[in-house]
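Letters A, B, C, D and E mark the chains as written, and numbering starts fresh at 1 in each.
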């Protein structure tokens, strides 16, 4: 029997992979996608926990995470585009003037 | 049994997709990997009877968000293989250390039997079917009970309106771009004070 | 409990209405900036009335929740709202020149400030982790945009990008914490989860502890506690000067209010664990913030790092748990005012839309602009924790709380760091008063509005520093 | 009468204050007037007040009066209290009497000095201070006088402060005295600890009931340290020769007649304590003996007319110490009185000579002054003979009594007697040498010097002192111990050593000591008057080694410089540089630097790369999670 | 709180005066200096009134005022004066006008200068009068700011370094004291149920020796830095050298007393058992300070530094007296605080005056000044002798009481400390010799003008007090004695310490009787 715990463990793995992507890639878009990956891992956790508890709340929570993710995407991509307009780059490694 | 097969299969897909996001040299492939993961998760949602969520997942995420990503990838012009050499020397070691630490922490917790994902015990939980109806009832007003009451999700739902206002306004104000007009006075003054205001 | 209390979200609704009206009026009438000012003023006035009504209600009915238990109407939330309102008013006043400079996009900028305020207000009032998350995102996303709202600024977009990417990361961590909490208990509501945690015996609470830690980390990021602070100096430096004070203060108030709700109401069962965790973060923040602030040659980065240290001080007070909340709120309220005032001074010195504010610009400011220098000096002295300012009362209280809570080592660390911190606070004072100005440096002009903001922040800092009793009395009730 | 004893002090003190503020306005000769009158007034008052002692023959209780003026430091039992007994009366009379004469003399000597009135201010202040010293009824007040006379000594030695040597000598005097004061203070600490008060009334009344011999020894030895400083005994005598930089009246008053005898007075005053400890007394006597001989030898080698007298003073003080050390207080005080008279006379005479020689002090540049200054010459002869111990002059009586008491004490003290005898011979020699070098022989004056007799105002006091030198010895001859009877009430209950009762022995001893004096004078006569220049040079060349050593005062100053002053300065510099600047302060600054450095090291955390911020965030998260889980489980 | 509250007025009058001065309009700037001096004189009659009406022979606090200040924290505006603080308050009110009067040459930002001095005065008086630990700390800390400003703005070349060093060093000390105060307040709450910072309430606390030890350390560190006790003294020379005259005068005259005052007021009565344990350490440091300060002072090339190190030496005496724990030594310690304030304040005044005229403080640049400036030289010598401890002047009374009083309990330390008496003469007289005597070698010294009438006037109160306290110290001792005895009897009643009753034979204790 595949229990909810299996899914949650899988979600944890996905979360860690997402975090790894954030650390290892310098392309702002890829980093952003990694964040989406992490949010999806969260969603999977919610869904699996909802089943384990027999509670609809987890599914509801997922909806809100989705909305937030969407809003983030809108603004995030706008920022990326805005940066690209002025600097012609999508690599965050080129954004390091502010330091110290 | 079926669920096990699905879990293994879709689990592999989701992890593979995730790895692709992290590892693909071309962001387009990364986006594809993300999409694969999203789909695999949608399958899991179905398995968990979260039908509505699964549908939203496919439509909003895979449909809209990934498309948007791809669009921006194309727009920004990074739809090609990029250099994967690491400019920051400590970045990978640190990531490795973090990973190892997480694994050790998890390992210690599991091996010493200190970890349970779910803490409530006591029999099988009721089966929850995440239909549109159920979701809707929970989202706004649960009138199925004797005494209709405001749902606990009503407020977050309302609050998303604020969120969407922010997203819309934010995206507009960032993307609003009329470089020819001298309207943005700050731009001039900002570049004027540029020389003195440089970070050291 | 289950009813819909519109009063409980009236301030947020009013702010939303205000923000939308600003946008709408802008679209349809394209009015002069002054009109937006009136709109914003009217909105804030209405919010103030609403908050007053909330106080009144609490006085009559006591504290409670509404919207199915997702929204608190308790002293803490209303206190946080009050503080945020003050910050917003001062913030808009400070940012006004910057906003006007945005031209057509002024309406967006103004409405973002208002919505952000609403978001953080909501954050402090949320009784549900998902609600906290949504509110946090409302506030934060507005701030991401505000950071990069000035176009062609050499650093604004960098600041926005950094803030956004790291903020998204931290949000993901936070919501994962919520998910783990949910996994453990099946609940996201703080009151219920708290009750559940303490009602039955849990043999292996690791998942809750991890979830709790992640929640703490997520909020620690927002309040610029080390080592989750790294974005703050860059963003404070790169973002337009006018709005930084608001950014810094609002996020702190919302974040700490939410943290108090989460930890004290939700995770009271694990008080020992989170107190230890907060102590660790507090110690790192205080030490790291101080050490790095000493190194700065830019006023805004300096303030950012000092903010890191202040976050550490606030966390120090929070380690004491419930008894520490009054001290935390006092600190928050007074520090926010100082912060907004200080950044207003920065905006005066280096321009409302500028990025960066080299310390050299402050040479001899005491001669060139006695008012700005005087206020900034008072604020620096207050931030450093000298007596007869709110800064001292605040620090004194958080230290008392922490000492009482058993974290004596933390108090010692905090006190020693305060001494080291004198160095950089004094450095600004030294520059302004002890050094003559350069020939080339002119007299920065101050509008009446700015002067009011500066004087008000200094007055609050000194008056409540000398007579803190009324404010303390008011905040003591907010501890509930 | 006695109740208003404070007038004795107030008169000179008030005049000092008056002259300080108004003296320069009053002008040169007139400013001296009130000063002299004040001292004379004090003398008169004291003389009248002391008449009581003669009236009340043996009622010792009545003879000792304590005058309470006001509370000073109540916690130490130290009131502003004056003690009027024969001892203090004697001292008061000496101080004011000799002081008055010297005041008068100074009017002539200081003539034309731009700070004429200031000089009298200081002199008056000195008189007042010295009177506080001798009249004090507790150790604290004694110490007040003790220090104030030191101050006056400082001010007066460096009166001509533009001369670096004068300024330096004044400082030296004060500092060396302070070393003595250190011992004095420690002595007072022990006294206070033991008695709980510093008042004579309690401390000196049957001290044996409270303290034992060892404490008495400790107190005695520590007091001796103080006395050694003030009275210029070995090893702290070095300031006195340098003190000759001061104007000559100062040397006469302070550094011969009065201040330097304070140590003797103090030992006599605390006789009750010394009486409890043979060791302390023995040490006092030994120090005195060694000093007496030591200084006498140095005096032989001096060329400076005043330095001869300075070493002579040290030597004579050594005599007094010998006496008081063996509880021969009367003998010691008697010598104190006679010495005050004839040494003042010697100094004033020397001053008169210096005055005549336009400030020249080198005896080798004098000679043949006998005819030029008859009065000075005559008085100097009297004084020289007196100090040489030629009867019936004052010096003979007092010196002889000291030697007799020493001899009578027997045992170890016979050795001291021998030392005293040798010293007497040496004294006669160097004094005669001085006389011959100055007054007889051919003039060796520098060009342009026209010696002349000093004005009346200077010779007058010389004559008075000369007469006194002749007469004063008769107050205490073996035939009539008037002084001893006079003093008796002051030493009620204190052991007193006496001269032998045996009349033959007394005479024999006197003959021996007179013989020593005569021999000394004879040698000097032969060497410095009879012998031709070459012979003398040849003879002295034979003993050039010791003579050079004497001439340079055994190079004690150099020795102190090398052993104490220079290492001390080096240590001070080392402390200031190596310890203070380079260690302590560097440590302090180093802490600040370390904080700065740590910040500098931490700066790379803020690399500017958002991904490294992310990494920091991730690391922090893991740490916080691990920490909370560990603490929570 | 009926009637006129003198103590509050003493604090508030200068504080308000500071504000008044700041409000003088720019065009009437010539008013600032005279008005400043007049305003600074206002507290003086109050202090004198206080002194007159002070009940002699009374050990406790008088003129007590108590108003709730911060109710929630249990903080009260609690003022009171006893024999220990009374004279220090008077001293402060005397020295501030003198310091301001000596600052007539200040021509930059006069308003700020005067205001800072007045604020400093308010703070200093507040420290001495506070009976609430919180209030005490507030004043203790607040005075750092005006002092740092005075050094930092109107000081000489290296002023910023000195100002920051002064500020950070002393702030470091008080930081740990704050922890101690918090701990005490919480202990009070634990033992009695309500939060209080009242000094008098703290006296009733029941503290274990272990707790006392820590608290003693926390308080003592703060005060030791302020004193400063060797080896925490290195801020002092820098601060003095750079500070303007007024700053030096007040720094040496009053500010340093906060340390010794604090030790006597707080450490001894609050932590008696720990005090007894710490006596050897504190006494040793005090004695080392006495000797070390004096030795280092000897070779200082800079007059101000010399006086600064002499302060280290003198304050060592006070600390020694404080920890010798006898009636006389404690009394002497307080007297010496006043004395040091007067004499060292005056010395700094003198150095400042000569610095104004010659723009140098280096001893080597002077020589023979007594010829060109006889009044100045005389004044210097007078003050120097007061500082050396010449009997008849004030310095002696305190020093003598300390030495006599300390010997019974700390014989060895005291004897070593007495050596400092010799060294004091060495460094001051040698300095005098090099500066004032001898021929004038540097022509610049020939033109130096002597003290003006106004300057002499500044010294009049100081000289008068120096003589008064030297000749008739009873005016001070009567006030001080009961209070210091109360401190002593508190230690005796809470521990098994018995202060030596004078009159025992310490060398042969057996055979005396």
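The definition used in the following text is that contacts are C-beta pairs under 8 Å (C-beta built on N, C-alpha and C of every residue); 3 or more make two chains touch, one makes a residue touch a chain.
It should be emphasised that the depicted structure is a prediction, and the values quoted were computed from it without experimental measurement.
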Where chain A and chain D overlap in contact partners, by chain label: B, C
Chain D reached from chain B - shortest hop count over touching chains: 1
A-C or D-E - the one linked by more C-beta pairs in contact: D-E
Central chain (distance from its CA mean to the mean of all protein CA atoms): E
From chain C, the most remote chain by mean C-alpha position: D
Greatest separation from chain B - chain, by CA centre: D
Whole-Å gap separating chain B and chain C, where each centre is the average of the chain's CA atoms: 27
Interchain centroid distance [CA atoms averaged], chain B/chain E, Å: 67
Averaged-CA centre spacing for the pair chain E and chain C, given as whole angstrom: 43
Chain A and chain E: spacing of chain centres that average the CA atoms, whole Å: 64
Multi-chain contact sites of chain C, meaning residues that touch two or more partners: 130, 134, 137, 141, 144-145, 148, 152, 154-155, 160-162, 165, 169, 173, 183, 186, 205-206, 233-234, 237, 295, 297-298, 301, 420, 423
Overlap residues in chain D, where contacts from two or more other chains coincide: 592, 603, 606-612, 614-615, 618-619, 625, 629, 633
Per-residue multi-chain contacts in chain E, two or more chains: 168
Contact pairs between chains, per stated definition: A-B, A-C, A-D, B-C, B-D, C-D, C-E, D-E
Residue ranges of chain D in contact with chain A within the complex: 603, 606-611, 614-615, 618
Chain A - residues contacting chain C, complex: 8, 11, 15, 18-19, 22, 28, 31-32, 35, 38-39, 41-42, 45-46, 48-50, 52-53, 55, 57-58, 60-61, 64-65, 67-68, 71-72, 75-76, 78-80, 82-83, 86-87, 92, 95-100
For the chain E and chain D complex, residues of the former touching the latter: 165, 168-169, 231, 233-235, 292, 295-296, 298-300, 327-328, 331, 368, 370-371, 385, 390-392, 396-397, 400-401, 403-405, 407-408, 411, 414-415, 418-419, 421-422, 425-426, 429-430, 432-433, 436-439, 471-474, 477, 481, 500-508, 510-513
Sites on chain A touched by chain B in the complex: 1-2, 4-10, 12-14, 16-21, 23-27, 29-30, 32-34, 36-37, 40, 43-44, 47-57, 59-60, 62-64, 66-75, 77-82, 84-85, 90-91, 93, 97-100
Touching residues (chain side chain E, partner chain C) in the complex: 68-73, 134, 137-139, 141-142, 144-145, 148-149, 152-153, 159-160, 163-164, 167-168, 171-172, 175-176, 178-179, 182-183, 185-186
